[in-house]
């Protein structure tokens, strides 16, 4: 039955909403808003018999630690939010002591934020760095003769951490890592960097989780400097890439941000449903036309929001400790990427990462298509010691950072 | 009267530079403004050419007020200003400087004519057409500044201390040229600290002191009046 | 107004203001108290920036200097494990030393070149933070900076400055101290000497003022207080990274000073206060907000170049003038 | 390092130097004439890219036509800056500089609101493929930039030394008051300077649009580099700006190839600091800034 | 060794020799004039001895110490202070404040003193001395006038007052009467004489105005084309053929 909600519970959205980083924050609002509206339309979130209307409040943290802390304080002290959806990285570092003290569940996009002293931080909706770890393996399977792995990403928190995990995994899967560097966030000209990469004669050039803007610059240069090997990346935005390089150039390129209109999911899948809903509302001619295409960020945030909502329902409570405990103990949770479960202690010191299936895509004639959905845990277990050893040698383990 | 100043007062911020200055310049004459430093001579010239606006009073040229015109328009109606300190364009050649003087005269025939005229007054400029103005000596720069002003074929030439910083011999030469320009039918307002030189050249003179016209008269009379010389010109 | 009645005025109004700030934790909500704390830190920063401006040197690296104080705090407190009463003075001194290193080449330039060169040197430091992961932590920065506390839990004199009320008072003490010191400098012979450099550098030089040394000294003193603000910020957030000390923050600082004015001691205070209020009130504008700040910057620089502090004088002037006025130049 | 890597690096440096030159020359013109220091020069560059985005990507005009149109369109924005910002703050470089920063924010927001703040706008490469030169390969799109810069800078040089209006512009830069006394309108000349400045930035942005991410915030990095170049080159000197652009292009490319781009930026800034210490007027500067 | 001496001072700007091998000696308590036609190098000379320029070669000594190449402020600290040809003052301050800023050399203006409040410039004795200087120069009525509201003549006098406030032993005046009417000139001449007589200050005077120079100076040095042309008493100079030719002019209508 659809009894109307009596009470309202506030949830927060804390990310850059203006300035150069707004591209990382604003899209997150779309998926979250769709979820909130759907739940409210259904009469609110059913928490063991009581229904709560969800109310999302956003705060612009300008991707800056001090502003994020101010935002966390406003969301918690003024609005008493029970959950904060965020991008993570430095803002997570800045807000965490406070949020831990106030016992608020915080969901980061990226798992690298998870630490034992942040008991209420959950992450993993975004497949980083699990996919980055599995790509060397996938390439090796596809073509066992290849040997030389080159990887580069931007010089920031997530780039550094996830590249360490990727390199460890590449080594574990028998690659020679011939290039392992980071470029500055201010880079506008990738010509010299690509020249340096190509000087190492790589078989595969991996962009790790280079931001989409950088991906284009690097690929454009790889193409123009005559690179002919394989390409691998966390996220390839095919549509924009194809404006710069011919489809043949990225034929077979591997990434892991699936398209939700990929036939692989099937016509009545949650993914297709999300895609259609999003297009109807935010796409061209929609009520809230955002004047851009759907991206991974549009559905990245909402995965964690849905997980939190399930946690609340399982715990029959909004208390952070209970919600997180319920999630950790659950056999499985539903996500937009399929069934997931909480794990991660070996990588992050605490089981606060949701391990969803990892979709692996290849480009086929210019279109990204899911090839397989891999099981991370199975892959990780036999390799973990070697990988962790490398990450530790880079100083990137949770207890070293 | 070609030019008439009626009770003009100019302020720099709160400081009053000139008080109720009235001056008449008949066509074809040389009128000189003399007085010590800071008397307001340059200010008066700058006001005529529109670089400063008077707080009160009016400036009539050919009987019409030119107060509302911006300085570049005032050049256009036939008033040329040879500024204090020469102010040639140092990194441009002599030729380019002269071309700038003819900025508003686009007709090439007229320009060629003016150029010939300037070169006839200042043969030295002709030898130096491609020299950068900044590398010329003070006297040569003064000639260039005067030549540049003549390039716009003005009816009225305002000259601000053309002998400033020149050797006595050069002063004589410049004085001769001023006379020649005047004989060519151009009216001249000459500002000078060198009162003797100025009064020797001019038809009529005004003495300025701390922003006010304290005395005026026919140049020869002023030159002979010992009292005036002692009190206002520091001569004698 | 006579001098003495003016100073009683000043005394009374500052007492009222101080009383408000002392009572604030009981008067405002917990979040507002956080805003007040941020405000106090910003006051230190803006006031130290104004000190620079008294010699006519505007910089684009003040936020970087604040960052130096914050990084020094992070490193000394976390890696060296020192208590705050050692960390804070050391952080200020470190910032002062870095300021000195900046000031030596910068003192060879003037005006606009000084402005841009200061930016470039600041960028250099920011890249040092990014490049040298040890000890600066690269893009991630330094997190887990130990809490600020006196004594240990259980001891009678234990004070936990993690508590926002306590931290507020802690910041308040430093803000008042900074204001008192900078006010005294402003009114001192030394302050006059520095202002004289702004008015006429050559003249100052000729009456025996060592202009270069003075400019370097102002830079260092200003850096010292920027370091203090940075140190407070580091303790407040507990985690710092290069992003905290970027160009956008620098532009905000300039907006405060432009809006308030730097001629008088109180200008930057007015600027920080008014802009902080506008900043919080306009949150709902989200993406449009930078445009609003752009507009404010333009309007002030074009219409009220001296900042709010000159507003009363401007109004008086406008009332004084009547329609007969003709434009000059 | 192999020979082909060295040749590739030189080619990279020439391309980068050309881009820098095109952006920096515009700044130098504006600064040379009435000391207009445009903080938002990068936003004019961004506007040039958006002109290509709108005309070429959205409306389907030929790419080169869009690039050519970027000149007048962005020049008009430059002119608006001159009218609304630089003219009222004339005589105070810092005030103009900061106020123009405000204008930059406004442009960023307007563009973001009109064409989306999404991660980027990508523009189809109009000239796919590339050329092999002595073992180095450069895409045609990049190759285009070098001759374009040569043409534009030569054109500017011709304009400033052979055309009356250009000479008048130089006259204003050398002595504004004396220029006015020759009948040259200062307002027209400052307008002209900002038109040219905007036009250069616009064409630079337009040419680069297909090879860099186009976002409302893309201009900042270019503007910062351009300011460093203009200071190294000597503020108002156009030759200085061109020379410094290529020096920095080479420094950045070589260090980024051998080490990394963070170090490259640091070396570039250090280079500027050294130039300022040794020669505060910049490489070709005549005026003390 | 003289009180103030210049030996073979040379300054080149690129190819141009603005000062060439100039030497002179000035005794304590003397008023020395330096004259010469425009462009002769007087201002350059002045800038060299006051530390604004660094000489290409040659040396300047003051009280037995070499001061050439020293920064202006250091030279000022030693007691050789210059004034400017233009009116130079701190326009946002009153007359008294201007003088009192100039006194800073003789006060304990340190950062520490500023912070603990021990360097107030209204301290009794320095204030007394500032008032003394202002009154001595006949500006008693204008003590609290803002400097930029003074008349031209008074602005120039204030410049001298500020120089005096540094308690100099050598006062270098650059065209002190430029821009003054004859009344103001007389005041200034009188003032310079009083400064020397009352405080024993040595004066070095660069001036165009012949009458002022002739009235005031015991000895005059004439420069021409960057070189020393002549040196001697006013009467010597007046009758020196070379000086007449180069500067004073044979035809007295243009001098």
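As written, the chains take the letters A, B, C, D and E, and residue 1 is the first residue of each chain.
In the analysis below, contacts are C-beta pairs under 8 Å (C-beta built on N, C-alpha and C of every residue); 3 or more make two chains touch, one makes a residue touch a chain.
As the structure is a computational prediction, the values presented were derived from the model and not from experiment.
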Minimal step count in the chain contact network, subunit A to subunit E: 2
Separation of subunit D from subunit C in steps, with touching chains one step apart: 1
Selected pair, greater C-beta contact count between A-D and A-C: A-D
Averaged-CA centre spacing for the pair subunit E and subunit B, given as whole angstrom: 33
Inter-chain centre distance, subunit C versus subunit E - centres from mean C-alpha coordinates, in Å: 41
Chain centre separation (subunit A, subunit B; CA means) in Å: 76
Subunit B and subunit C: spacing of chain centres that average the CA atoms, whole Å: 52
Residues of subunit A engaged with two or more neighbouring chains: 18-19, 22, 26, 155, 184
In subunit B, residues with contacts to at least two other chains: 51
Residues within subunit C bordering two or more other chains: 127, 130, 287, 290
Complex contact set, residues of subunit C against subunit D: 58, 105, 108-113, 115-117, 119-121, 123-124, 127-128, 130-131, 247, 251, 254, 258, 287-288, 290-291, 293-298, 301-302, 305
Residues of subunit E defined as touching subunit C within the complex: 50, 52, 71-74, 76-77, 81-84, 88-93, 97, 100-102, 104-105, 107, 109-111, 113-117, 119-121, 162-163, 165-166
Subunit D residues touching subunit B - in the complex, by the definition given at the top: 164, 167-168, 170-171, 174-175, 177-186, 286
Subunit C residues touching subunit A - in the complex, by the definition given at the top: 29-31, 34-35, 38, 127, 130, 133, 138-141, 143-144, 147, 162, 233, 236-241, 243-244, 246, 248-249, 283, 286-287, 289-290
For the subunit D and subunit A complex, residues of the former touching the latter: 1-2, 5, 8-9, 12, 15-16, 19, 109, 112, 115-120, 122-125, 128, 130, 132, 137-139, 142, 210-213, 215, 217, 220-222, 252-254, 256-258, 260-262, 264-265
